[in-house]
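Which chain is which? They are A, B, C and D, in the order written, and residues in each are numbered from 1.
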Amino acid sequence: MTSNAGQWLALHRSMCRIRAFEETALAAHKAGNIPGPLHVSIGQEGVAAGVCLNLRRDDRITSNHRGHGHALAKGAGVAGMMEELFGRAGGHCGGKGGSMHIADFSVGMLGANGVVAGGIPIAVGAAQGIKLLGQDSIAVCFFGDGAINRGPFLEGLNWAALYRLPVLFVCEDNQVAAFTAARDVTAGPGVVARSEALGVPATTVDGNDVVAVDALAARLAADVRGGAGPRLLHAMTYRHTGHTSTDVAAWRPADEVAAAKQGDPIARLEARLIAEGLASAAELAAVRDAALAEMQAARTAALAAPWPDPATAYTDVLGA
Amino acid sequence: MTSLVEALRLAAWQEMERDPRVWVLGEDVARGGLFGQYRGFLERFGADRVVSTPISEAVIMGAGLGAALVGTRPIIEMRIFDFVMCAMDELVNQIAKIRYMFGGQARPSVVVRMPHGLWRNSAAQHSQVLEAWFAHLPGVVVVAPSTPADAAGLLVAAIRSDDPVLFFDPKNLFGLEGEVPAAIAPMPFGHARQVRTGDALTIVSWSALMPAVEQAAVTLAARGINAEILDLRCLWPWDEAAVTASARRTGRLLVAHEAVEAGGFGAEIIARIAEHAPGIRVARCGMPRVPLPFSPPLEDAIKVTPAKIVAAAERLLAR
Amino acid sequence: MTSNAGQWLALHRSMCRIRAFEETALAAHKAGNIPGPLHVSIGQEGVAAGVCLNLRRDDRITSNHRGHGHALAKGAGVAGMMEELFGRAGGHCGGKGGSMHIADFSVGMLGANGVVAGGIPIAVGAAQGIKLLGQDSIAVCFFGDGAINRGPFLEGLNWAALYRLPVLFVCEDNQVAAFTAARDVTAGPGVVARSEALGVPATTVDGNDVVAVDALAARLAADVRGGAGPRLLHAMTYRHTGHTSTDVAAWRPADEVAAAKQGDPIARLEARLIAEGLASAAELAAVRDAALAEMQAARTAALAAPWPDPATAYTDVLGA
Amino acid sequence: MTSLVEALRLAAWQEMERDPRVWVLGEDVARGGLFGQYRGFLERFGADRVVSTPISEAVIMGAGLGAALVGTRPIIEMRIFDFVMCAMDELVNQIAKIRYMFGGQARPSVVVRMPHGLWRNSAAQHSQVLEAWFAHLPGVVVVAPSTPADAAGLLVAAIRSDDPVLFFDPKNLFGLEGEVPAAIAPMPFGHARQVRTGDALTIVSWSALMPAVEQAAVTLAARGINAEILDLRCLWPWDEAAVTASARRTGRLLVAHEAVEAGGFGAEIIARIAEHAPGIRVARCGMPRVPLPFSPPLEDAIKVTPAKIVAAAERLLAR
């Protein structure tokens, strides 16, 4: 048990930091300090944390429009992320990307993506490049349940299986795509069957049980790194909030939302940590407070941070 | 007064009431669409005619074509222009070519709605203005209105047209208010709207940039410069006669558009004038060849503004 | 048995006409009378014939780049087809399309397609339109094994299953795509598994046994017409020739090709007809000769037919 | 003498010998490619660097980008230009934007090869010329050579470039013979080639239309009209200085291209000249806004020919 303590506490801290970052960002967006659309993953932190804590710095990830958690869990700098959301010069992308285009190549975060399934071909190619260069890092591709209805899902999985590429696909199944329930737009038995029909072994896990996600991700990442070829991790989870910060998702049945919130991955892990005597409620609260303090400090700093020099609007178009 | 997005909603509603072969498909349309442009459609017209689809742009586009071939009139909703990049084979290789390739057997009676342009700092993948591409593409009509009345009239015409009509909703102007008749008549394609008369120069623009052009004209007027303004409304067919006549009158032509200047539709307009009405002084005002940045000061730096239009006009007058 | 005679002889005649049309076209292409690329389906006639003889005139089909057989079996006029290949004014498309863009809307042939998988979204949409109009015709979508690696395959099947559309997908699996063997580019268990994972029941049949194709197509077309939703027919077959009329496919193992030719669907049906006493060798030869005579007459006519008026190059761009 | 397609084969071969990070992916490339432009590559460089792919254009394009992001230099082979329509999200929304969107973190070092243009009556879906679209698209370099030496030198430069280079192979000129040096040096982008000097007018063209332009010049010369000819070679960056200088010298500029005239890159060239060098007489010669028909007499009716270029030149001189 205690052998788990370190990892479990790390998972807890990772999730708390994601939650704190996004709650802080939501508040800043409401306050008018964050321009553009904001997609938060509150309720889904177990997936990002459980997967990314099993990755090395030289592993690569691609993400989607709801990517703050993936970036943070992969080690992206908080200041650079918050400043990017604020559109400031110190943002990871110099303010050119914003929330939907966060990237931190220094930690292998190859970018969020504003196009559903847009990260799939890129992750597959990253894995192919890694293999060509003879390296032993892997690529991890995060996408939502909505992405499995776009062509690149089929093309990318077939391709990854064909060339036995070191890529782990992670389908974050929050059962909704924008304003439409996944079940209303997805035919057949689902993502696992689709994945296996394309030659990619797939496993479903309760994405709100971060310990289970961590265990499965550890196994699949090891298989992929070991040369077994691609794998798909299907994590069932739930989006507590609306699609964007301005969407209240009023159409969702209240009891469904309420029930889902019971499954909050942070609360579940905390209950378990306490039950197994690995941490006290006070210790866990301290972690949450520390995370919130960190993010609020980042918010304060971002608000005071300089705007980009308008001249930089013309740079980074072509590198040559 | 009616907002532009409401005018579009009323126009599509009117046509769906009028013709049972008209239907709409796209993501979330049964929930009213991303901008409320289909609000109430599901309740009124039912799930067979108001089809919320999977995130499958290629089939949203291609299924619209297939359904047109058997006699229906689909409104293909792309949600945001940039996503049409996921459906370009269906649009460019199939829809635009099918009537010609098959010797006139096919009737690709589709409207492809693509809310485009800058809007709320949406950055590089949600703000593109590539309308010029489609003026260069044989087989399609290209519409880009800027007022509630024009948007409504042109959408009605688009829905009734047997040709594929690419309808560029100016998403940044959805809130713009204007008068819209209770019964919306189809507005013929290819006719520019004279927004303002003047003698110093002619400014041609369209879509979301029109308000900026009108502001610029006010500033210029205050400086004693009377600009004539034309809203092109359609990029293909486009009203070359009106543009040429006005430019001949004023002797100077400025084309302003939200799109990147290099290779934008302004180039075609200027080239036609230079070829067929030599002697008219010409200029363009568009964005630099740069993707859309997210940060407000960066977006402001590259986007076309009233001040940039005024400066371009004064440079042109100084020549 | 004799109850089958009529249908079997119709299948035989249909296949012989396709074979004769394409052998005639190949010769005309070699003679320089047919411009552009030419893709023939020699060896695959059992699929087109077996499927299309179960369709009504008001049923629609979409085809691919190898579509002569589909068009002929659906009832497209031979003169208009041959003239189209020759680029003459009397072609179904007035010479604007050619072999890769044959269409005859008057018999529900909605077009060949120069883009692999290009016909899938169109067929799905045709089925959706048919359903919306409350008609009881169906759409049939022909594509090759190469098309199942393109995104529209996933998007189209998911969509058809979701809306229970009256569409029959027919995968003509000749085990090769252009110059590459299907097995080298297709991961996982194959098209049937992919189809079922997308909610579309699928069945494999020996595409060179036209009687089996006919029986299966009859059942699936009836299911689809009856409102059961989409179905997929997977027909195993083989392309006797190269990819185009100018490709000799020298890379294919000679024994593989030889073995495949043993399975020629026309020869197999003739053997069966004779064995079951439904036709004599002479009668069958007469059918083949009649088909060849018909196509040669069409070739002669096409060669003498007028070229399109150059002014027509400017028509049919926009209809308004 | 070396054919253009062989020159391209040698250029890619040289770079794959030189840099192990260079590799090629696309349909049938392990069999030498559709045009033999990769003949022998599999045997020499192996299946990991010469990857015959499924018919999955979206991933061919997107995987090329992903592989570039981790430090390789992919040559993305599209087989025929028209199929890039199946990979436009990956090209337009991802490859063209990634360096900018991420503030310079990404290095999209890919070459996208797209054999384009008219070729053997391939009809509407295999003959398109849409190069102008990409000149209008921020974030990409656009190359369109017309000789074996230029094709080889520009391909070497494209492979070594850290920018996404859209390389338009002129498939109709693959058989064209010319000299190619044993060691192919990279040719800098954006420099036009002076094909012919003259004083009567300047004709600018590029890619597959160059031979027609040269034939036209011979006809014009026989009529005592000396045309100066520039092969633009690159559409972005393009050699505005050379075009302007020549047009100022001759006083007349004709831009001829295989693409549709309306909205083609000729419009951009004419517009720039009209704005910045007023007084020069300008004209264009391109295809009508019509898809490519299959039948030879129909294709001949709309395609740009030496006779049409001569006629356009004489009309321009008569003005």
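The working rule: a residue touches a chain if its C-beta (ideal position, glycine included) is under 8 Å from a C-beta of that chain, and two chains touch if they have at least 3 such contacts.
Please read these numbers as outputs of a predicted model, since none were measured by experiment.
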Neighbour overlap between chain A and chain D returns B, C
If chain centres are mean C-alpha positions, then the most distant from chain B is chain C
State, to the nearest whole Å, the distance from the C-alpha centre of chain A to the C-alpha centre of chain B.
36
I'd like the Å distance between the centres of chain B and chain D, where a centre is the mean of that chain's Cα atoms.
30
Between chain B and chain C, what is the gap in Å from one C-alpha centre to the other?
40
Show the residues in chain C shared as contacts by 2 or more other chains, in ascending order.
91, 93-97, 101, 113-115, 149-152, 155, 158-159, 162, 185-186, 317
Please list all residues of chain D that touch 2 or more other chains.
53-54, 56, 58, 82-83, 85-86, 89, 93, 100-101, 123-125, 138-139, 289-291, 293
Which of line, ring, star, complete or other matches the graph of chains that touch?
complete
Would you pull the chain D residues touching chain A in the complex into a rising list?
21, 23, 48-49, 51, 53-54, 56, 58-59, 61-72, 74, 89-90, 93-94, 98-107, 138-139, 141, 161-163, 189
State the interface residues of chain C toward chain D in the complex, per the touch definition above.
35-37, 87-88, 91, 93-98, 100-101, 113-117, 146-147, 149-151, 177-180, 184-186, 251, 307-308, 310-314, 317
Where on chain A is chain C touching in the complex?
149-155, 157-159, 161-162, 185-189, 193-194, 196-200
If we count contacts the way the header does, which residues on chain B are in touch with chain A in the complex?
27-28, 30-31, 52-58, 82-83, 85-86, 120-126, 288-291, 293-302
List the residues on chain B that touch chain D in their complex, please.
82-83, 85-86, 88-89, 92-93, 96-97, 100-101, 123-125, 128, 130, 132-133, 135-139, 236, 259-260, 262-268, 270-271, 273-275, 278, 281-284, 289-291, 293, 319
